[in-house]
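Take a look at these structures.
Each of the next two complexes has chain A plus one more chain, namely chain B in the first and chain C in the second.
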Partner chain A sequence: MTAPTSLLILMRTTPYGDQQARAAIDLALTAAAFELKVNCVLLDAAVLQLAGNQDTSAGGQKNHLALLSALEIYDVEALYVHTPSADRFGISSASLPYFAQPLEDKQLQQLMAQADQVMVF
Partner chain B sequence: MTLHTINKQTSDCVSHCLNALAENDTVLLIEDGVYAAMTGCSAAEHWQQLPDGVTCLALADELAARGIRGQIAATVQPASWEEFVALCTQHEKVISWG
Partner chain C sequence: MKFSIVVQGAPWNSASALSALRFAETAVAAGHDIYRLFFYQDGVSNGALLSVPPQDEVDIPARWQQLIENHNIDAVVCAASALKRGILDQAEAGRYEKTAASLRPGFSISGLGQLVDAFQHSDRVVNFVR
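Take a look at the complex of A and B:
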């Protein structure tokens, strides 16, 4: 069996509710550092990870939006936002940050088919 | 008088709480529960039809962390941690949904 060369990470959780969103980012950064081709998709409630200007100064947490914006610098191929999920949570595609690309169901299926390994958080 | 806290954004969590509300109860949104107050989010319309005397608040620090301070329903008021403590002492019971 050959080692996987591409990884698709599906994120499904809100940024600060538990540790899942953070764990997904840690995995993305680690896998990219080991030269895997990594793509990330924000699905369901994970689209809330992109909401507004997050100010975590009061809670002592890391700013999740800032972590997402850094993925590209650390060689993660792309960060996608599942458009139907964003619609459900009232997040318009016009309000998406520059580092997130919209993704329809059909394209999601293609990403899943192309990836050697898919992990869900 | 009961204080209801909601700490998740799922719509069944919100609707269970709303079904249980009595007059003069207070709803406080904490943690991921604050997303339920977002305008444009399906749960937000619930806050338009609260029973008499029911107020709904959301923790301001949690709203700020999640970047939605400016996007909450007009009927939901931001609250500080100090107000959270005061609400706990003012109500006979605290029920946490989530």
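Take a look at the complex of A and C:
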């Protein structure tokens, strides 16, 4: 049996400014359902997807933090947060939810080199 | 090499669609294979049948159709992205009781699973973000 295709999804956008963050999650969940090895990384402004106390009840959009928390339940391997981006946007490592793992530049390079396919959103 | 191409930009919003089109045309001309074109998000508008651009602008949807038909390329618009943007084939138009279909010949409507399949069967998947 051949090894499953690995897919690395790099998210770069804020949670509610457009549909990209949502599109990335839809792809992650679908790919994991088809048994691809899926890793996700929050980069640049996408680290704001992890901001605490997101309240979308008035905005007509789904709570993005809740969607991110579902990734591991649906067999996505890991959700990483690019530490230099988190520092730049004031997302402290102490405030990260349990399902997000910090990732340094060097590890990001390794993930990109190891993945069969990379998608940026 | 076997490529798949993901297009996430609408024809008139950014350089995404035209860049993807030119990349695809060039890859085919250079003798490469295209396993699948996958139009995601705003990219589904590349399959708009009813788009009428001014005569002095590139008719991007028509150029896609030409490429797809001349080289028998599999071209998929994402169903979830397409339906909410009003891109429907005859079957979907019938199902939702709409008076017209709006997807170009050569394109088909299917799910994200077709993109996952493209990851598994292409040497390279080239993604044109918005």
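Note that in this section the second predicted complex is superposed on the first by the 117 of 121 C-alpha atoms of A that agree within 3 Å, B and C clash if a C-alpha of one lies under 4 Å from a C-alpha of the other, contacts with A are read in each partner's own complex, and residues count from 1 in each chain.
We take it that a contact is a pair of C-beta atoms (placed from the backbone, for glycine too) under 8 Å apart; a residue touches a chain by one contact, two chains touch by 3 or more.
These figures come from a predicted structure and were not determined experimentally.
Asker: Is this a clash or a fit when chain B and chain C both end up on chain A?
Answerer: By the criteria stated at the top, chain C and chain B fit after superposition, with no clash.
Asker: Using only C-alpha centres after the superposition, what angle do chain B and chain C make about chain A, to the nearest 10 degrees?
Answerer: Given the fit on chain A C-alpha atoms, the answer is 90 degrees.
Asker: Tell me the contact category for A:A31 with respect to chain B and chain C: first, second, both or neither.
Answerer: The second partner, chain C, only.
Asker: Touch test for A:Q20: chain B only (first), chain C only (second), both, or neither?
Answerer: The second partner, chain C, only.
Asker: Touching A:L96 in the superposition: chain B (first), chain C (second), both, neither?
Answerer: neither
Asker: Of chain B and chain C, which one touches more of chain A's residues?
Answerer: Chain A has more residues touched by B than by the other partner.
Asker: After superposition on the shared chain, which partner residues are touched by A:T5: those of chain B (first), chain C (second), both, or neither?
Answerer: In the superposition, A:T5 touches chain C alone.
Asker: Just to be sure I read the superposition right, which of the two partners does A:Q117 touch: chain B = first, chain C = second, or both, or neither?
Answerer: second
Asker: Of the partners chain B and chain C, which touch A:L67 in the superposed model: first, second, both, neither?
Answerer: neither
Asker: Once the two complexes are aligned on their shared chain, state how close chain B comes to chain C by Cα atoms, in whole Å.
Answerer: 15
Asker: Can you list the residues of chain A that meet both chain B and chain C?
Answerer: Of chain A, no residue contacts chain B in one complex and chain C in the other.
Asker: Note which residues of chain A are touching chain C in the complex, please.
Answerer: 5, 7, 19-20, 23, 26-27, 30-31, 34, 36, 116-117, 119-121
Asker: Touching chain A in the complex: which residues of chain B?
Answerer: 8-9, 31-32, 35, 38-42, 61-62, 64-71
Asker: In the complex, go through chain C and note every residue touching chain A.
Answerer: Within the complex, chain C contacts chain A at residues 6, 8, 40-41, 80-81, 111-113, 115-117, 119-120, 125, 127, 129-130.
Asker: Quick check: in the complex, which residue numbers of chain A touch chain B?
Answerer: Residues in contact with chain B: 14-17, 45, 48, 51-56, 58-59, 61, 65, 88-91.
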